[in-house]
Structure formats: structure tokens, C-alpha cells
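The letters A, B and C name the chains in turn, as written, and every chain counts its residues from 1.
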Amino acid sequence: MKRPRLGIRNLSCGRGEKALFQGLDISLVGGEAARVLGENGAGKTTLLRTLGGLQTPLSGEIVWESAQKRDADDPVLLKDELCFVGHDNALNAALTPVENLDVLMRLCGRPVAQPRIRETLAELGLKRLAHRPSGRLSAGQKRRVSLARLWLTDAPLWLLDEPASALDVDSRALLCARMAAHVAAGGIAVFTTHETLNLADVPVRSIELTPC
Amino acid sequence: MLWLHRFGSLPYFYRVSRPIALALAVPGVLLAVYGVYGGLVNAPVDYQQGDAFRILYIHVPSAWLSLFGYTSMAIAGAVALVWRLKLAEIFVVAAAPVGASFTFLALVTGSIWGKPMWGTWWVWDARLTSELILLFLYLGVIALHNAIESPRSAARACALLSVVGVINVPIIHFSVEWWNTLHQGPTVTRFGRPAMEMAMLWPLLCAALGFTLMFGWLTLWNMRAQLLWRERRSRWVKKVFSDA
Amino acid sequence: MLSVFWAVLRRDLLLAFRQRGVLVHHLLFFVLVVALFPLGTGASPAILVTVSPALIWMSVLLAALLSLQRLFKPDYEDGTLEQYLLSPEPLALIALAKVLAYWLASGLIFVLASPLLVLLLGVPASAVPVIMASLLLGTPTLGLVGAIGTALTLSLPRAGLLLSLLIFPLYVPVLIFGAGAMRAAIEGLPAAGALYLLAALLMLGISTAPFAIAAALKISME
């Protein structure tokens, strides 16, 4: 099977006019994870947002080569194969975790049945909370609900911004296991983290951002 | 060498815009002075309106520029949105206050003209009302620009707003006409009739051309200022000031 | 592609239902503005009937301004908006679904409440169908145009006054044709012309505004 590839060529990103980092070059293929390193304000979130297409780079290019083939006129784009877990949880306080996840999965073009969402929440120890308004959950519980997308999606590219923030030790272990399984199955994960995330048995490369 | 790659054309623009602006300013001011003087002093008295019509030598060119300015902003705005051209973004932002000033001038002169004609300073006549709403459209662009902190986002937001606005200008004008159809026909076509004397028309055309050149000059000058501010951290701007 | 449209529509309607207290506030605002007006002008029926088109439409405009500020704000704050932008589906379609849900929840209330209010102002009952039709055709356009403004001012903490400066000039045609239709109906004149023009504005809005909203959201999120 062909492996997907994420190519970053001479990428420079910034906030407004000011460049945060310049000339980033890296190529990731399926089966590799990458941890983005850099001090506060070095542009870690900016890099993830740029990769996802939320921000336009100052210069350079991002290439996505999908493992799937459609015809040349209608290629599979990065957007079609992306799961982006941002800094914010993307959970509406008045909707339940099940309702939130249902809409989020439809938005990324991978609708899943509600029973499966409930099962996944149960696996993550959130069974009792599945039908409570998300606003009443604790910070760690909200994060776990938001991360449940990783168990529901089959997108090959994951961009995760501080996925482990507010997680307890057990949840963090679950997250690491899921990320490792995803990468071992031929996916790509690019993530930032302050906690140590130990992805056993899969190669984790480093993307070092040096401020300019 | 990122800045060279990306901002390459901006120092060039900064350099060449100065002579261009001056080349617009000199004939612009001369034509405007000639046209306004010709209209205010030399043109014969109108047999219907007496001396009051003379204000049109300022009013008509200003009203023309109020529309021309907004349309040019919208065209530049569309270019900025599609091709992400920085100079087009800066044009939108720089032209807004200049266009707003001409719109304000058109409103003031229109109301001065209205005093002897209608006996009151302000009449809710269709064209004056449209002009007033156009002023609000300009003020919206200026206010949005001032409100958004990041210059890039502010300029792009203004570009989009001016494009949305320009689609609405004819609709607004039509609706206001629909609302109030009691006013006389458009003045320029009225003046354009063959019956109108060359002695009256000629200064008006000169004034209109002169005002337009002045619009170009003022906008270019404002663009230079905006450009310096936006690029203040870049090397070429620092060099401009260290050379000076 | 349409499944995302329905999903967002359903989500926002569900939210509107869960937070139905807010909808009552919109309605109360509308009723209060209309109810306080006679206290300012005096209760002479002749005056009230004459100003009723302007009064109804201005209060609808103000209510739209107040409610539109919250159209994208919660999604912006909790990160859902990011997911809209990341979606492989067209953002314009998502924006259209959001505006439709907004209108079904808060615009439709004005249409339904209007007969009661115009009768309070002494408008003849024969004019009520035209008044409702004008609101039915006009208020969605207010939502579409206003959404562009609110998307542009999304990143600003307090955008209320600025928003009014951005969108009120654009509301002029709807105000003129809407109030024009209402006045014609009150005077017993044919109002079809104004209603057609309102319908034309709505069609133009539906076909162009979603793209402008999408572009504005992208600018605000960068």
C-alpha cells in the first residue's frame, strides 16, 4: 500500500507581518509522528494552523500526497484527510458530548453513528457524562470528549495542539496508545505537547522551531 | 532573505510613487484652481438659478469622486482578495479617507446649493440621501480599519467590505430613487445638453479632471504613509530613514 | 455535501431551542420598542398609523443588530468555528445553514409577532397580510447581510456600535422597500411592486452573501 506523505518546503510562518520562524523543511511519511518543539511564542500553534490551512504561510509550500487515488482533476486534498484537534475543544456548552461529536464528525466529512459515539465515550470512561451538557464537564473531561474524535476518525493526518493538556495520567496513557496505534497503522501525527507523551514503538521525529 | 523575496516590490513602489504623486499634484491643483476660478468668477450667470449654480463647480467634481473613489476601492479590494496583492490592500485603506472627504465636500456643497434653491439647508432628496449613505459606507470602512489591530487583517476586512458595499451602491441608489422621485434629473446630463455654453462647461470639466488628479495624488501620498507604517520593522524602511 | 448543511442547521436549531430564553428576549425587545413609542409621540391614532411602517422596521433592524452579534461568537470562542473552516465542505454552505437557523429561530418570531403589534398601533387588519409578507421576505436578507458584518467584526471584543455602522447603510434598501410595502398596504395601494423588490433582494442575498460571509470568516480567523 502507498503511504501518505506530508511535505513541508521552506516554510515561513508568522503572525501578521512578523515572521515567527523561517525556512522549515521536513517530510513526513505514513508511520511517522512528529513533535513540534520550541519555546513559548515560537510559533508551534501557528505551524499547526498553517498546516491545517487556517493560516496562509508567509512563504513556502505544504504538499499532501494521499495514499488514496482519485483522478488527477479531483485529487484527495489535505482537508479531506485531516483530523485537527486545536487548543480549544470545539464543544458547545449547551450540547451534550454525543451531539457535539456527531456534528464535529459530520463537519470533517466522516459521519459516525450515534451508538458508536456512545461506545467510544464509554471506552474513555465518560459513559455517565454522554448526555450531560458539555458546559458542566470539568476541563479534563471536556478535553477527553474532544479527543474522542481520534477514536472515531479514520483520517490519516492528525494535527494535535497540546492534546494532553488537563488530562490525568490514565487518560494520557490512553491517548498515547491511540496515537501510537494510529501511527503504527500508517498514519501521520504532528503534535505539540508540554507533557511527556511516550509513543512506544513508533518513530517520533522532532520539528525544532527557532525564532528569527 | 525572506524580506527581499516577498516585499521586493514595495521599496520600489515607495521610490517611484513620489515622482508620480508630484506629477499628479501639480497639474491637478492647477486644473482644479483654473476650473473653480472659471466657474466661480468667469462663467456667465445662469438665467434660472442666478449665482447659486456656481457651487456646482465644486459639488459635481466632488460627487463624481465620491463614486469614483468607492468604485476604485472596491476594484482594488477585489484584486487584494483574489491575488493577495499588498499594494491593493493598502490602496483600499489609503483611498477611504480621501474618498470620504470628497463625499463630505459634496454633501456640504449640495446643502449650500440647496439653501437658496429649496429654502432649507437639508432636503431628503434622493441624490443627497444616497450621498449621505455613501458617506456612511466610507466611514464604515475607516472605522473597521481602525478597530482591527493587525494591519493585514484590517486591510483585508476593509477590502471585503468595500466589495460588498459597491454591490450595494446601485441598489441603495435605486431604492432611494424609488423612495423619493421628486427631484430634478441628474445635473451633469442637464449640463451636458448641447444648449449649455462652452464657457460654462469647460471650467467644469477642468475642475473634474483636476479633482480626480488630486484624488490620485492624495491617495498615493496616503499609501506611502500606510506603507511605511506597515513595513516599519523591515530593513528597507529603516534604510529610508537612516538615509534621510 | 448537503448533509453538513442539515447537520449545522439542526445543531443551531437545537441550540436555539435549548436557549429559548434568549428568543423570548428578542421578542420582548421588539414588543418593548413598539410599545414605548406611543409614550413618546402621544397616542393619536393618526400619528401612530403614519409612523408604524418606520417604527416596525426600525425595531426589526435594531433587534437584528443585537441578535446578530452572537451569530458566530460562541463558535468563535469555543473553537467550533475553526472546525467549520477546516471542513472539506464549502464554508459558504455552512454559513448559509447558520443564517437560516438564525432566521428560523429569531427572524420568524418578528414575522409571527407583527400582526399583534401593528394592530396595537391601529393599522387596519386588511394590511396585515402584506406586512407579514414584507417581513417574511425582508428579515432573511437582514440576516444574510448582517452576517457579513458580524463575521468581519468577529475578533473584536465589543463590536456592537461598529457593527451598526457597517450594516445599517447596507440595510437601507430593505428598510425602504419593506416600509414602502407596509405604507402602501395601509393606504390601500398595491404593494406587489415593493414585495417583488424585497424578493429580488432576498434572491441576490442568498446567492452572494454566503460567499462574502465565508470570506469574512476566513479573514477574521487568520
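Heads up, the rule we're going with is that a residue touches a chain if its C-beta (ideal position, glycine included) is under 8 Å from a C-beta of that chain, and two chains touch if they have at least 3 such contacts.
Everything quoted here is computed from the prediction, not taken from an experiment.
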Which one of the chains is closest to the middle, using the mean of its C-alpha atoms? C
Could you let me know which interface, A-B or B-C, is made of more C-beta pairs in contact? B-C
Considering only mean CA positions as chain centres, point out the chain farthest from chain C. A
Report the inter-chain centroid distance for chain A and chain C in whole angstrom, where each centroid is the mean of the CA atoms. 37
List the centre-to-centre spacing of chain B and chain C in whole Å, with centres computed as mean CA coordinates. 32
Chain A to chain B: how many Å between their CA centres? 48
In chain C, the residues touching two or more other chains are 222
Flagged in chain B as touching 2+ other chains are 152-153
Where chain A touches two or more other chains, by residue: 56
Quick check on the complex: what are the chain C residues that touch chain A? 3-4, 7-8, 11, 14-15, 18-19, 74-75, 77-80, 82-89, 94, 221-222
Using the touch rule from the top, collect the residues of chain A that touch chain B in their complex. 12, 15-19, 22, 56, 58-59
Residue ranges of chain B in contact with chain C within the complex: 81, 133, 136-137, 139-140, 143-144, 147-148, 152-153, 156-157, 160-161, 163-165, 167-168, 171-172, 174-176, 178-179
Contacting residues of chain C [partner chain B, same complex]: 148, 152-153, 155-156, 159, 162, 165-166, 168-170, 172-173, 176-177, 180, 197, 201, 204, 208, 212, 215-216, 219-220, 222
If we count contacts the way the header does, which residues on chain B are in touch with chain A in the complex? 2, 5-6, 84, 150-153, 230-231, 233
